[in-house]
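Shared between the two complexes below is chain A, which pairs with chain B and chain C, respectively.
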Partner chain A sequence: MEIKTGDFRVWDEGSTIYFDGIMRLSGSEAYAPILDLMMNVLASGASTVTLNLTDLEFLNSSGINLLAKFTIETRRHPEVQLVVRGAQSVPWQSKSLRNLQKLHPSVTLLVD
Partner chain B sequence: MATFGSADIMLGATDDISRIQLFDGPLEIGWHHCAMTADFVGELFAIRVGEASPDYREIRHSIGYLVNELIENAVKFRAPGIIAVEAAMRDGTFRVKVSNQVDRDTAARFQGLILEITDGDPGDLLIRRIEANAADPTYSGSGLGLLTLMSDYGARLAWVFNPSADGSRVFIETHAILPVVAPVAH
Partner chain C sequence: MSSAPSRPLFGLRSFRAKFVLVVGAAVLFDLVLSGGLALWNVQRLSRDAALEVGQGLTTATQDYLRSYAEATVTEANLLIDRVHADVGVLSGVLQSQIDDPSRRDAVGRALAQAGPTSTDVVYDAQGGWAQNLRPSPSVVSVWGYLLDGSHLPRSDVQKEIEDSAVLDLVAPSLLASGAPKLQMYFIGPKERPIFRTAPYTDQAQTFDRLYPGHNTSSFWTFFFPGIYESWQDWIADPASRPTDSFLTQTAPYTDAITGKLIVSFFQPLWTRDRTGIAGVAGTDITLDQLASIVERVKIAQTGFGFLAMSNGNVVAINPRGEGVIGLVSSKGSSGQGVTGVERSLRTAMQPAIASLRLDENDGEIQHITLEEHGESVPYIIVLKRLQPTNLWTMGPIQRETMSVGIVVPEREIYASLITAQNGILLATNRILLYQIGAIILSLLLVFVAVLSVSKRITGGLSALADAAARLQAKDYSVRVKVPTRDEVGEVGLAFNRMAAEMSFHTENLARLVDERTHELENANQEISGLNEKLRSENLRLGAELDIARQIQMMVLPRPLELESVPELDIAAYMRPADEVGGDYYDVLEDDGRLKIGIGDVTGHGLQSGVLMLMVQSIARALQEAGETDPRRFLDQLNRAIYKNLERTNSDKHLSLAFLDYENSNITLSGQHEEIVIIRGDGAIERIDTIDLGLPVGLERDITPFIATREIRFESGDVILLYTDGITEAENARRIMFGIERLCESAFRHRLGNAEEIKAGIVADVMAHIDGCKIHDDITLVVVRHR
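Let's turn to the complex of A and B:
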């Protein structure tokens, strides 16, 4: 499945969800289709789910809340390992991704 | 008048201020104006350190994130009227004030929110608020943007509330300061 606008693209390949571009949607309702895509991958039965954020250049706080909500959802699936892949060179990622580990200490955070 | 936060955060008369005003009528202020204006302000101030600077990307992004969050709040909660963005750089610190009008009830709710999000360590409060938000789908999530600014970006915030003459509206100024990496030279 793929969600695409002029600013960003989100899609899944196997149990990896890729994010690309700039996401600054107006709130939880606007982000709901993306959360649905993520929840479908979580429900697929994969033992590892990866969020690949390395090409997501900008995310507003509502989008950070989306990632946080999904992280909290994965706590209810202890059989699933959540891997979050980011880039140190993308400022929002170097500043805000550590919050996901505070919400769910077993998240594997790979920030290159 | 009611103020929240320290006076040293507030944009001063001696600052060399750049101003942008978003007018409701001709612009029909919408969501895309948040990002457009924030990107412009980020570029305007980051360009002063030069695109070749190792700090350029970081400064442009951090200012862009800060201004975007403040304008998003102004657009989301405003009563019809002008949204003004005033910004300056002083001693390596970016300073911004976003002004807009809200109705009286919104102002009262926002004051309550400010008391909650400034009562403790912003990093802890952010995590607690995210948890509360996830546990209750009806929870608005308000305040998360301001908490990420304080927790993840090291921004300091202050607010001024001024009721209109007839008491039906309240003028809100949100002030923020953000340490940026390098002092700025023209």
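Let's turn to the complex of A and C:
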């Protein structure tokens, strides 16, 4: 599955969800389809779900809220290992990704 | 309705003309190429054939000429050999008589008795000689100097007469057989040179007439000077003979008896002891016999032959040939001996003949040029030598090799070759004409065929073009008839369908316009309705936004409140985004305790505004309730918000940090953007708040994550609080303003009061954005220690 606009692209390959571009959607309603995609991957029964954010240059606060909500959701699935890949060089990531680990300590954070 | 413009049936620019031109050119090229190749090959073939035929015919012709010359020579040799044989028989008989005297005497006596006319001679007073009378097989003449005083032969002469009578037995039969011979004879030795000849003629009388004075001179010396001496030399030294034979031949001379040109063949007879000459056996043949062999030569139309002595004297040639090679004849004028004929090649009027070498190029083809009526005519000549003979002409006997010459005009001998070559040329020209004719005929046929086919092929296109022109002139009733079933036919069908459709549409246009107008009206009404709805929706949304904006601005601290704060100079700026966001800042003062809050609610709109209002209310309540512990303060605020969010089923949260100021000391708590401090000496400090809390509203209990940090804040120091609307403000190239630029901007403006610093930074941010869309609320709080 793939969600794509002129600014960004989100798609899944197996149990990895890739985020690419600049996401500046106006609210949680706008982010709902992406949350659906992520939930589908989570429900697919994979033992590891990876969020690859390396190429996501910008994510607004609603988007960060989405990641937080998803992380809180994975706490209900202890059998699923959540891996978040990010890049130190992207400002919002260096700031926000650590919150995900606070919300769910078993999250594996891989920041290049 | 205007009629379609008339089209020329076969204009130069028409498709048909091009079609015909292309096909014609292709066929022409093909024909010319194949024809040219064929012609070239035929030419080459004919040239090769002519060459082959020429070579073959030349070789054959030359072989033929050589063979002819050889055959002629062989024939002449044969004739001479036969004469030699006849003389050989006669001489053999006579020599055997000489070698057996007793038999000779017996035979002589017997013959004298049997035929006294053969041995009895009668004196002729007029001539002064004696001769036997008729009838006798042979005549025997006894010259005056062989008679005694009573005009009777000397006894030794008489003995010779009788001995020679044996000739009567042999000669007649030899004359009757073998080669045609004029006569055969015996001549005695020079001591008694009687002359017995068969057949009988008036021999002495003829001699008297032709050779006066002979009766008083020695026979051999008179008639054949030198011949006798040569024979005598041969006896002494046989190796001195010019050839292996003793047989001697004379050059042609006029015969005393018959008056014809003759050639004599002599075979000397030897005495028993082989030391002297006992006489001579001889025979004469007419030159005609030899001449006829070469004179019979007839090659092509005017080819001829000649027989020449080695000295160039031509002994036989036909009169025409004589004319061709320009011989000049003169009677032999030497006063001595037999007279002959003088007609030499050396004196011929044709230079090519005069310079002809008889001792060279035996049997070879020679090309010469003869002058005929003032023009040069090429001739072929073949010379072939006869077998060598001992020849007496005058004086000692010499070796002689006669030559046969064959002369043919080249044009006659090569007539067949020329005919063959002409035939080939004729055939080639005929093929050439046929080929050109075939090409022209093919072109005509192809042209006619292409013309008729092109009419059929391009007829459809022409009809289509005409119809299209009429269609252009708005004659929609036009239809084309394309009988072919090819692509043109398909185009025709499509055209007809199109024309029908155009016709239909044109006729129904008015009705269609009505229908479409009606549909458009309906659509317009629909759009108007929708527009109305949208307008009301927009109004509703606009009202909502207005409310949200009012709420947001409503709860912010008033400038007066800020000014009243002791020790600190505070200035604040908030600019809501196009869609209202949820930025929050507050300055709460209560009994000298000052609490500054800064936060950012996720999302936009009324909900965000309400959440911000809740945060402000709870913070104010906790402040009023005297909660001084920053951790508990944040924890209680989070719990209240979390539960309210749960109740309102809202999935929002916010970042939120508080600064508690007391006695030049700030206690920092909660997670938000970095805090920037510009010290009085210009040093810049950036303080990360990530580890001081967790976003509010996400978790029920955030106590484990809440931490505090103490910061000195003294006179001259400036603190910047802001939301991400500042750092993430983008310009047209999507470059964010960023924390670095914020620090630089603050540093530049640090010396002003809080209001001036705030205004300077906001101006820098706006300059960076440069009119681009503002995505998020921009909030900046500048706190300066007085």
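By definition in this document, the second predicted complex is superposed on the first by the 112 of 112 C-alpha atoms of A that agree within 3 Å, B and C clash if a C-alpha of one lies under 4 Å from a C-alpha of the other, contacts with A are read in each partner's own complex, and residues count from 1 in each chain.
Note that a residue touches a chain if its C-beta (ideal position, glycine included) is under 8 Å from a C-beta of that chain, and two chains touch if they have at least 3 such contacts.
Predicted model, so just to flag it, every value in this text is computed and none were measured.
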(message) With both complexes superposed on chain A, which partner does A:R24 reach: first (chain B), second (chain C), both or neither?
(response) both
(message) Applying the document's definition of touch, where does A:N99 land relative to chain B and chain C: first, second, both, or neither?
(response) both
(request) Report for A:K4: first if it touches chain B alone, second if chain C alone, otherwise both or neither. (result) neither
(request) Applying the touch criterion given at the start, work out whether A:S61 contacts chain B, chain C, both or neither, answering first, second, both or neither. (result) both
(message) By the touch definition at the top of the document, which applies to A:I72: first (chain B), second (chain C), both, or neither?
(response) both
(request) Using the superposition described at the top, list the residues of chain A that contact chain B and also contact chain C. (result) 22, 24, 26-28, 58, 60-62, 64-65, 68-69, 72, 91, 95, 99, 102-103
(request) In the complex, go through chain A and note every residue touching chain B. (result) 22, 24, 26-28, 58, 60-62, 64-65, 68-69, 72-73, 89, 91-92, 95-96, 99, 102-103
(request) Mind listing the chain C positions that touch chain A in their complex? (result) 579, 600-605, 651-653, 655, 671, 673, 690, 694-695, 698-699, 705, 724, 727-728, 734, 736, 738-739, 775-776
(request) Please name which positions on chain B make contact with chain A in the complex. (result) 31, 34-35, 57-58, 61-62, 64-65, 68-69, 72, 76, 123, 126-127, 130-131, 133-134, 141, 144-145, 148, 151-153
(request) Note which residues of chain A are touching chain C in the complex, please. (result) 22, 24, 26-28, 58, 60-62, 64-65, 68-69, 72, 91, 95, 98-99, 102-103
